[in-house]
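Dropping the structures in below, format is structure tokens.
Each of the two complexes below includes chain A, the first together with chain B, the second together with chain C.
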Partner chain A sequence: MSPSGNIPQPLTEPAPGSAAPPPAPVDKPWRIDLLRALPPLKWLVKRRWFQFAVVLPNLLFFMLFLTTGVFGTPVGSRNILIVFVWIFWWFLLISAMVPLASRVWCTMCPFPFFGEWIQRGALIRSRGVDPKKAKEGPGVVVGRNRYFGLNWRWPKALSNLWVQNIGFLFLCTFSAHFLTRPLVSVIVLGGLILVATVLHLLYRQRAFCNYVCPVSGFLSLYSMTSVVEVRSKEADTCAKCKDKGCLAGGEKGWGCPWFMYPSKMERNNYCGLCMECVKTCPYDNMTVNLRPFCSDTKIKGLDEAWKAFIMVTLALVYSVLYLGPWGFLKDWANVFEKGNWAGFFAYVAGLWVSALVLFPAIYFLPVWAGWRWSRQKPPTIVILGQAPVNPPLKETFLRFVYPLVPFGMMAWVSFSLPLILVNGSYIPMVLSDPFGWGWDLFGTAHLAWSPVVPHWTPYVQVFLLLQGLYFALKQGYRHSVAMYGARNRALKAFAPVAVLLTVIEIAFLVLYVG
Partner chain B sequence: MSRTLDTLSPREVLALAIHVEQSNSRRFRAFAEVFQGYDPDVAKRFEELAAEEDHHEQLLDAQFRKKFGGTLPPLDQVDVSDVVEAVDLDDGEHLIFDTLKPRRVYELALKAERGAQEFYRKALAQAGDPTLAALYRELAEMETGHASFLEEKLRTS
Partner chain C sequence: MRETMAEIGAGLLTLAGIIAATFYPFVYEAKSVEKRLPPGAQVITLTGVAATGTWTEENVDGGNYWYRHFAPARPVLRVGQPTLLRLKSADVNHSFYCPGLAVGPLEVHPGHVLDVLITPIREGVFEFYCTTICGDPHFGMRGQMLVLREGSPIPAAEPAKADKFWQESPPPPGQSHVARGAWLFHRNGCFTCHGVKGKGGVPNWNYIKDTIPPLSTLAERMLIPDKEGADAIVGAMERAADLKTLSSDPPFARFNAFLAQYQSVKDVIRKGNPPGKKDPKGLPPPLEMLPFGMRLSDRDIDDLIAYLLTLEPWEGGDK
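Let's look at the complex of A and B:
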């Protein structure tokens, strides 16, 4: 694989000494080294206090929001928790942070703050230690850092996205409740802090973020599209590095808290942009790059594929639920207010079956059809090391699931856009009166509710959706060419998937612009 | 500034070979430190290979003392433009998905040893100086021995 991303490559590497032709040179996509271009940014991310400085204000706001959730008005649109977290934060996250700055939210996320503080026994400094002296002193030594807590290994069976997939689906099932009720939001968000803290005490480093946090799951998937990445500058420098400080840590910083081996990082999925590797690298070989949109294109496993299915299904279901004309569906989802349990169970069953079974099955059909359609009779003489004539079905499936990443992300941005444009005027109101107690701190508490450019919204939504489809088709076709080589076979293989993507796109367009 | 192999004297070439073994030993130990408590089996393999690299280093060091005497020139592998032999993990996400198996550790080490073998063979083919050529031949043979050791490990693991 290319060191700079996930440019589709032949399926197998030629065996040493085989007669297979060398792979065609791959154009290295452009990268701009942001730490080189912006020295103040480099200075900033190299400070030990960098992450603390971005988490602390966020944590204080978060605590304020939780307090307003408990003591403030139960009216969602008048409580800063609901307006800021579920309207403003959500829109900012999916529409700006992820596409423009990858998992920058994880850099400033308050959920793991207390757990990580206890686990490290430090807020800012790192605890470098000589592994030979591991037994001298408290805690557990991992690599060349000392940690507190039990530092268990995360179970292998759960070393994937499945817990996050199910957790996110579960939370979304009840979204109608916590999106409108401040107290329920407090329980959900406070519960996440509690779970994160407990898991930091039990398991190594950021096991919570990697395997449990429901927000992290979709950030992992959609960060693949981001125009920003943390990567090594020169592969040779990393290869020659003796100490592997980015992985093992040391005096200058912590070994990658996300379990990544930064020098070999090829995707954004599991990089929380904590910048520890930028600090620990003895050769100054880690940096932050600007890069083209959708540069990471490899889905590695079924857990990641299902994350893509769940996200697209949810975008579609939410669009039907919150933007569609079928009020009874909204009532079904809002069971605690409406009390229609039969309707609620129908909604839950429909959502879970669609996300976990129906949509994946529907998606599999065109993948399989294209795979069959483009099959060729294998040659009688097989040259060792040459890519198989017909790629395996699983490989084809995983590669063709990738288009759902840009597609799904842009669908979510399109869905979230009216939320902020329609409800955005609540933001200045709740800033002046965060608890809904009748305060008017900045003189904006009594502004009239006014949707922003509502007549433009459908046009922007159409543009965003079409962008998603464009990147989906482009990357899907590139994957197909990488697998099949010949253009006509690549087209045959990808055409059924392209048709399905277009049909789903039309469904979104109908929902948004009628 | 980075130097190319053809600018090194025989004394520096041997010093570089010693440094390569030292570096690999440290790399193996760094990986062992990270995997210790995570997957003790994998950590044990890395530790075992680090000890093997220490042994290689001692052999080369003895050879250096015999051939040239004195102290090693201050030459770091980082100072040389080529990567001679560098053991590395093949996937940045091994720890996340728990995918590094003990056997794979030997395979990665074998890949590095074969790379070194190839490197010294190429250097031998280009060497004009007979002393250098003899040295490269010895080093290539030594790497073949290391590779055989790992192949045996793979057969029995």
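Let's look at the complex of A and C:
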């Protein structure tokens, strides 16, 4: 097989099956080249051992957590698996990692560790291939790297977020179980490692991360808000580059495991921050930028739009379920303990129908109303190359779904905040006694449970929710202006959606501060 | 070559790390327990499981708690041999109390381990209890510790009775008040202290009367003179009649005194009644009439009393 004939197909924009990409709102935001500003960071990410060094400690903690899940105490609040993963990690992920460092979790994620190790046959080095000797040696050559496993291409029909959407919704349906039962958490997390490993043996590179991992789905969506991005420095340099090491790989590094063409990447969604492109670029043209919050503003397909719907629905449902006063709903969700199957099916039906049908339909109505309201009679003479007077409904819908990204993310941060403030004092306890076996490694095992500033929590939640609404309205309006040009029409088109967003905001506020 | 060495090093580091993260905690645990043990001591771990009201010696962990039924503990200690009792809770707050060996009452919090070192000085069979209401099965949460002389054989255990009283289904609606009272008596675990059919006789450490008094003689103690009188009261209760309305044509002498007794029995059930100590300086009795006012409604208490009134073995009547 000729290496040149087997260069991986990049996940070019738009995702397969989606509509033509609408132009982004005109924007010239600032960027700070972090690798230039921080030479030690550049030195670090250029090392071949960089990713291994961040994954390994995480993997070892993960193995320890799985062990505690099976052999430690069944008491959730005293088992490090539950406390660290579902209280500490979740909060850190949604509130700090994603907004401040995009998909940095994917850089250190232990799920694909074993699969990638087998697939690459290496933990640190890159298995670059001399094109002349491509046929020699074991494994399959993809681009200019050699891989073990079957290296099938991921099916085109599944090259989107739908598997992740359904998988995430499925897992969240059983959240009442894995949030409290260490064994269920072990099954979920261990199962993900197993699935990742098997898929790495069957499919190319990080097909699991890109298309299957349920965590990756929402990271993909919310990483659009992040203040960090991996991008090329100069578009011209990439255009002139014939080597395409970032895509094809080589001696210095692996071709983008996420099927991206890094030099043309314009969104964070499918960049796992593995830094391979930074290593492989022969012109040192890839870098890590600091940028304003919410810099990626395009939703490119219905799969991404539905991810946004699912996430907002879940934030709302979880707020009702876990922070609300309706204990019977929690009992419905907790079917294996309470045994109320009728209630559980009502809960499942409610959750799935709300997330997949009801909320998207409710959201579509104001989009459609605004679209109709702002319609103008098309001119009798059509000038070639000029944008249509009335944007297509699908484009309008996708653009107006974007406000749900900052809105949903802030809703999730608001939801997660009380979890960490109220239950955070369990963290030092389980650090000292991770298994609940009576250890006291750091002298903190017997600290009393003490919620942190519980009286301030609602105020912070309100602030965060209002921030989310602010960014949602701002970005929605910018999209509207980009589509309609005239402010009057843009306002007309976006006003119904803005009203709906405000109503949802009020629902969250009522739930959090009554 | 350098790359290959780094690769091998990374692989070995990964495998060693995984093995260490997975297995070292067990080694550490074994060593840390060993450190606390005096020479020749044994370790007995008792874990409280609220779901079945059990103190068990079996290992209860995140992997098996959800599906396994844990056997009740029957720990064996030896006279003169130090024993480290490791008390754990797998779910909620329990209290461990073994008055015969002067252990407790000790609060056992979920996810914490309470270590107690004891050295029994005399042989015997010692009851232990949970003395914090930890759920519906709480009232059956007790067991026996055997203290034997060194070398004595361990007597065979009686087969454990699997009475899951807390799971008993409620009687169908419309059943008699007495039948409902019988169900409540069983469902709430009253029989665990008051004995089957209220016959009493359950020993209670340092209790002024030594054993829990029977309830089967409650009718007599409530000043009901005979079976006819009891039947009249139960009959009225079955008709859901207000007992005070019988005052106009009392079914037996001293009926008003009975009414006062009735109220005081209700109060005891509702508010509880701490047991008197035989030795005022001794340990508190483990079994106590707890307030059931939060668990039982007024109607529940009436039904319970109606049932208890039927238990009296009247002379010449059916026993």
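We take it that the second predicted complex is superposed on the first by the 486 of 514 C-alpha atoms of A that agree within 3 Å, B and C clash if a C-alpha of one lies under 4 Å from a C-alpha of the other, contacts with A are read in each partner's own complex, and residues count from 1 in each chain.
Simple rule for what comes next: a residue touches a chain if its C-beta (ideal position, glycine included) is under 8 Å from a C-beta of that chain, and two chains touch if they have at least 3 such contacts.
Just so we're clear, the structure is a prediction, and the values are computed from it rather than from any experiment.
Colleague: In the superposed arrangement, which partner chain does A:140 touch: chain B (first), chain C (second), both, or neither?
Modeller: A:140 contacts chain B only, not chain C.
Colleague: Regarding the shared-chain residue A:439, is it in contact with chain B (first), chain C (second), both, or neither?
Modeller: second
Colleague: Counting only touches as set out at the top, which of chain B and chain C does A:240 meet: first, second, both, neither?
Modeller: In the superposition, A:240 touches chain B alone.
Colleague: Contact-wise, after the overlay, does A:56 reach chain B, chain C, both or neither (first, second, both, neither)?
Modeller: second
Colleague: For A:73, using the defined touch cut-off, is the partner it touches chain B, chain C, both, or neither? Pick first, second, both or neither.
Modeller: It touches chain C, and chain B stays clear.
Colleague: After the superposition on A, what does A:353 contact: first (chain B), second (chain C), both or neither?
Modeller: Neither partner.
Colleague: Which chain A residues come up in both lists, the one for chain B and the one for chain C?
Modeller: none
Colleague: What residues of chain A sit close enough to touch chain C in their complex?
Modeller: 49, 52, 56, 59-61, 63-64, 67-75, 77-79, 81, 117, 122-125, 181-183, 186, 336, 433-439, 445-446
Colleague: Where on chain B is chain A touching in the complex?
Modeller: Touch residues, chain B against chain A: 22-23, 26-27, 29-31, 33-34, 36-39, 77-78, 83, 86, 88-98, 114.
Colleague: Could you pull out which chain C residues touch chain A in their complex?
Modeller: 3, 6-7, 10-11, 13-14, 17-18, 20-22, 25-26, 28-29, 32, 60-63, 65-66, 86, 88-91, 110-113, 115
Colleague: Tell me, which parts of chain A touch chain B in their complex?
Modeller: By the definition above, chain A touches chain B via 16, 131, 140-144, 151, 153-154, 156, 159-160, 204, 210, 236-244, 247-248, 255, 258-267, 269-270, 283, 300-301.
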